[in-house]
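What follows are several structures.
Below, subunit A partners subunit B and then partners subunit C, in two separate complexes.
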Partner chain A sequence: MSALVAAPQTGAVTPVGLRARSRPYRAIARATLRSVLAFRLQFALSLLSVLFQLVAMLTVWHALLSARSIPGFTWPQMEAYLLVGFSSGTLVSTMSDFRVSYRIRTGQVALDLVKPVDYQSARLAETAGSLVTELASICFVWAVMLAFGLRIALPPTPYLALFAVSFALIALLKFSVIYLTGLLCFWTKNYVGLQWCRLAVTSVLSGAVVPLSLLPHWLGTTAQWLPFAGMSSTPGLILIGDATGWYAVRLVAVQLAWAIALWLIARLAWRGALRQLTIHGG
Partner chain B sequence: MAVIDARGLTKVFRQPDKKPGWAGSFKHVVSRTYQEKVAVDGIDLHIEPGEAVAYVGPNGAGKSTTVKLLCGILVPSAGEVRIDGLVPHEQRAAVARRIGVLFGQRTQLWWDLTVADSLATLREIYSVPETLYRSRLERFDEVLGLGDILPVTGRKLSLGQRVRADLAAALLHRPSVLYLDEPTIGLDVAVKERVRTFLRSLGDEGITVMLTSHDLQDIEDVCRRLVIIDAGRIIFDGDLAALKDEFAKDRVLRLETAGPIESAELAALLPTCEVTAGEHPRAVTVRFDRFTTAAGQIVSAVGTLAELTDFQVEEPSIEDVIRRVYAGELLAGAGADSDTAESDTAEPVTAGDVA
Partner chain C sequence: MSTGTDISTDAPDPTGTGGGAFGSEDWAGANANANANVDGDSAGDPYGRGHSPLRILRLYFRFLGTHFRGAMEYRADFWIMMVAAVLTQAVSVVVLTAIFRLIPELKDWTFWPIVIMFGMVTLGEGVGSLCFEGMWRVAWLINQGELDYMLVRPYPVLLQVTSSEIGLNGLGNITTGAAMLVLGILHSSIHWTVATVVVGLILLVSGVTVKVAISLATNSASFWVASPSPLFAMAVHQAGELTRYPLTLFPSPLRVTLTVAVPFAFIGFFPTDFLTGSHALWIALVTPAVAGYCLLMAVLIFRRGMLRYESTGS
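For the complex of A and B:
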C-alpha cells in the first residue's frame, strides 16, 4: 500500500538568504510582543516597581549630594546617571528570566529541539520582541522626568553616538547573562536562587546603584573590566560626560568584547546543556 | 526506502546510585557510583512512508525513549537511526522540517496568543507558503472543526480543543512522519472519534504515523501494524489483524437453555472444546477454536440436550491479545511459553506480511 506513495511534497522550503533565514525569528519576536501586550497589568506593575526604585534612589542621592560634594558627580549629572541605570534595569527585564528558565524546568525544551530554529537565536528573538514595550516605557519615563525639570547637559555629538552604541549593547549583554544563568538550570534544577544571585551581583557591579568610582578602589577598578559595567555604568558615564576621549572608547570596546564573548560562551554552555539533555536524558 | 530506519538502536541512561540515609548521601558526594539503566536495547525498526504503526508497551518499557531517539531529542548510546536518510541529532533543523510531534501532555501553542496567531507563527517558523497554509487550514477545519477554536487564546482551550489545535500545529508543515504520544488522553468519545478518523486519513497522504497509546481502541482504529516493546526490546512487530487471527483463535460462547443442562454431557459431544458450567443449571459456557469448530456445531450439539433460549459470542479484544503478549505467553524464542507461537524465527515475533 504505502510503497506506492510518491515522495511527499511538503511545500516547506529550506530558507536561503538572510531575509528568509531571519523570518522564523521575526515571527517569534512578534509572537512574544503580542504575548507581552496580553499582560498589560503585569507589565504596568513591574514598571511601577522599577519607577519606585528610581524615585528612592533619586531621593537618597539628592540628600547625599546636598550634604556634601562628590567628585565627578553634580546633582544634574547624578540624575541623568540614575536614569540610565533605571533604563538599563528596564531593558530585557519583562519575564526574560522566567522565559529562559521555564522551558528548561518544564521540559518544554524537548519541543524546541524539534523546531527548525537555532535555540539561542530564538530566545534572543523573544527578548527583542519584548524590547519594544520596554523601550516605550523608558521613553515615557524620560519624557516625564524632562517635563519635571530634569536638565541634561548633552555631550558633543560623537559622544552621543557612542552612547547610543553603548546603550544598545546593554540589551545584548543582559540577554547573554540572563540566558547563561537560565542554562544553569540544567544542572541546578532551581532558578530562584540563581536569579537572586544574578540580580545582586549585577546591581552592585554594574554601577546602577552606586557609581563604580565610589566603590572601594580595588572593587571599582576590577568591575570596570567585568561585563557588568557595560550593563549600566559605561553608557551612564558617557552620557554625563565623565568618560571622555580614548577612555570612553576603551569602555565601549570592553563592552563590545564582552557582548561577543558572552554570546559565544552561551553557545558553548548550550552545547554542554544539550549534551546533558540528549545524552544523559536531562 | 524506509522513512524511519533504526538499527540496533540503544539508549543507556546513567543514574546516580545513591544508598539510602545520611551515610549513603555522604558516600555519594565522596565517590560517585552510577548505575546503568538500559532503556532501549538494540531496537530494529523499519517503517515505510504512509504506514501507521502503533507502538505499545507497559509503563517504563522504553516507548517514549524510542520516540525521543527517533526525533533527535536524545542521542543514541549505540546503533543508528535515520529519518528520511538523515541523522536526527546531527541534522536537527533538516529533520525538524520532516517530523511533527504531538506529546499529549505538552503543547506547542503560545499560551497568550490565539490559536490562529500561534499557527501563523508556526507557519513562519516552517516557511510554509501562504497558499498551502490556507488549504491546510481549510482541511483541518473540515476534519477537526478547527474554525471554532481559532480565535481562542491558548490558555483558555479545553483539553479536547488543545489536542485538536496541537494536531494542526504538528501537521502544518506537512511532515513525512508524525509522532503521537497519547493523542486522545482525556478526550471525550466524540472528539476521540474525530481525531481517530483524521489520523486514519493521514496514511492516504503518505504521512507516516507512529502512535504510542494506552488506549487500545486508538490502536485498532488507526493502525495496521503493531510493535510491542517490553524492557527496551521489541517483542512483537507485525500486522495487527494477523496477530489477532493468530493468537485470538479462541471464541467463547455463552448459552442458556429452557431446561437444566449437564456440562459433562455436552463436553462428551464436543471433544475439542472446553465446556464449563454457567452461573445457574440452565447455563453453560463453551470455549472453542474458531478454526476447528464452528459456532453452529456447538449450537446443534446443545440442541440435542436441551432447548436453546439465548446465546452470546465473545470475541477476544486486542486488549487481551496484547495483555497476553506482555505476560510473555505469546513470546516466541523466549523459551518457556512458546507453545502458542508457531513461528520459530528468533524474536521478535512476526505475524503476517507487513510490507
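For the complex of A and C:
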C-alpha cells in the first residue's frame, strides 16, 4: 500500500514496483485456482476425457510396435513420448478456451476495458492459476504409469534441464494460441467450431499422436518449423533422447522464438480486434 | 393455441429456447399438461390432444427447422462448424494413414475395414449432432432453470429438449462419414448378396441408434450431477472414440466394458466385423436388440431424471 503514488495529472493512484504491480494478477491467479478447486468433479471428468485419448494411442502404438520396430521409437520411448503428448493436452486445458471466449461473446469484455489491468496478462494469470491443478494431475498420471511398469531411460542432466525449459514453454505457447483463437470471437459468434479447428490442427501438427518424423515427409518437415511442434513434439523428443546436441538446442530455440512472437502477435491482434467492439450503453 | 405458430418465428433464435409467448388463456391448460409430462406421459392432457407419433415427428421437424433457419442467419458460423467437423475427421484419417504407412495390418485389421469403422462412428456422431444436438444442452437447461419453460409448454419435454438445438457440424460429419463408409466398402472386397445389404442397413441404423441412445442416457446424468456443462457425457463420448479402432486391440476389461456396459462396439466395430469378415449371425441378431435396449434405457433414465428435477428457483 505504501507503493501507491498519485499520478500528477489525473490524481489516480498507480502502483510502483514489480511486487505492487503484479498484485492484481496474483489475486486473479488465486481466484481462478479457487474456482477450479470448487469444481473438482468437472476438472476430474475433463481429465478423464484426455486420459481416454491416451489409452487409445497407447493401445494402437503398442500393437504397432509389437509387430515391427521403428528406429528411435522403442516401446518404452513411445510410451514416454505419448505421455508428454498427454501432459501437453492437459496443460492449459481447464476451461481456458471458455474463459477467453466467453467474455468477448457476452460483452463482459467491455467491463474489462475499464479495469486498470492489462487484458492479456490478466488472462495469462487466470491460466497460471489453473496450472497448479493441471500439473498435479499430470504428476499423478505419470506416477501411476511408472508404478505400472513404465521404464524411462532418463537423458543426461543438461538435456533434463532443456526438457524442463521446453516443457514450461508449452504452457506459454498454448496460452497464446488459445488466446488468439478466442480473439476471433470479435468477428464470429460461435466459439466451439473455432475450438475444434484448433484442437484438430494442434493434435496433428504438434506430433502429440503421431511423431512428426513418421508423418508424410512434406507435412512432418513443415510442422517442425511451426509453433505447434513446440506444444508436444519438442519436449517429447528431448525426453526420450531422440533430439540431442545442437539439434535439441535448435528445436527449443524455435519454440522460444514462437512463444515470444505469438505473445506479441496476440498484442497486435487485440488492438485490431478492439475496433470490432461496439458497446451498447447499459 | 394452434400448433407451432408460436415457434415458427423468422427471427434467429441463437439461444435455442424457441419462442416463449403464451396466450394468457393457455396457462392453465399448459400447466396441467406440464404435470402430466413430468410423469412421463400425456394421459392427463385436459384437451385430449394426445401426441400421436406422426404429430410428434411433425413437431420435431418444425422445431429443428426453426433452429436451422436461425443458425443459417450466421453464415460464417455455419462454415466454421463445417470446416471444424471436416478438419476433425481429416485428423483421424491422417493418423490412420500414418499408422498404415508403417505397417500393412494391425492385429489382422487392414486399412480399409478400419476406414469403414471410422465412417460408421462418424456417421452416428453426425446424426446425433444434426438431429439430437439438444441432448447436449440438458445440463445447461437445468443449470439455467430453462427447463422450467419446457415444463409449461404442451409438448413432451423429451421432444423439446432433443430438438432445442441443431448441430450443423453434423452435416460435415455425415458427409465425411458417408464418404469414408463408401470408400471403405469400395476398397474392401465384400461379397454382396441381398441378405448382406439388408443386414448391413439394419446394422447401420442400429449403430446410429446406439450412439444417440448412449448420448441421451449420459446427458441425462446431468439431473444427478450438478454442472452447467455435460462433462460426464463428454468423458463417456471420449471413451467411445476408442471404438474407432478394432476392439481386439484392447485389454479384455476394456473390451467387456465397451461391449456390455456401454455398448459402443455395436456402433462400428461389430457391424464392420460382420460386413468385412465374420458374417457371424449373432451380430446381425444382437445389434438391433442392443439398439432397442439402449433406447429404452435412455428414455427411462431421462424420465427418472425428470422425476428428480427441482427447479433452480430463480
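Here, the second predicted complex is superposed on the first by the 264 of 282 C-alpha atoms of A that agree within 3 Å, B and C clash if a C-alpha of one lies under 4 Å from a C-alpha of the other, contacts with A are read in each partner's own complex, and residues count from 1 in each chain.
Definition applied: contacts are C-beta pairs under 8 Å (C-beta built on N, C-alpha and C of every residue); 3 or more make two chains touch, one makes a residue touch a chain.
Quantities reported herein were computed from a predicted structural model and do not represent experimental measurements.
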Contacts of A:V204 with subunit B and subunit C, given as first, second, both or neither: second
Partner chain in contact with A:Q53 - subunit B first, subunit C second, else both or neither: second
Which superposed partner A:F39 touches (first subunit B, second subunit C, both, neither): both
First, second, both or neither for A:R68, with subunit B first and subunit C second: second
Partner chain(s) touched by A:T157 [first = subunit B, second = subunit C, both, neither]: neither
Touched partner set for A:A31, first subunit B, second subunit C, both or neither: first
Contact residues of subunit A, present in both the subunit B and the subunit C interface: 39
Contact set on subunit A toward subunit B in their complex: 1-3, 5-15, 20, 23-24, 26-28, 30-31, 34-35, 38-39, 107-108, 110-111, 113-117, 277-281
Residue ranges of subunit B touching subunit A (in the complex, touch as defined): 13-14, 48-51, 65, 68, 71-75, 77, 89, 92-99, 101, 103, 106, 108, 110-113, 117-118, 120-121, 123-129, 132, 153, 173-176, 203, 205-208, 355
Residues of subunit C touching subunit A in the complex: 14, 74, 76-77, 80-81, 83-85, 87-88, 90-91, 94-95, 97-99, 101-103, 106-107, 169, 225, 227, 229, 231-232, 234-235, 237-239, 241-242, 244-245, 249-250, 254
Subunit C-touching residues of subunit A, taken from the complex the two chains share: 39, 41-42, 45-46, 48-50, 52-53, 55-56, 59-60, 63-64, 67-68, 70, 187-190, 192-197, 199-201, 203-204, 209-210, 214-216, 219
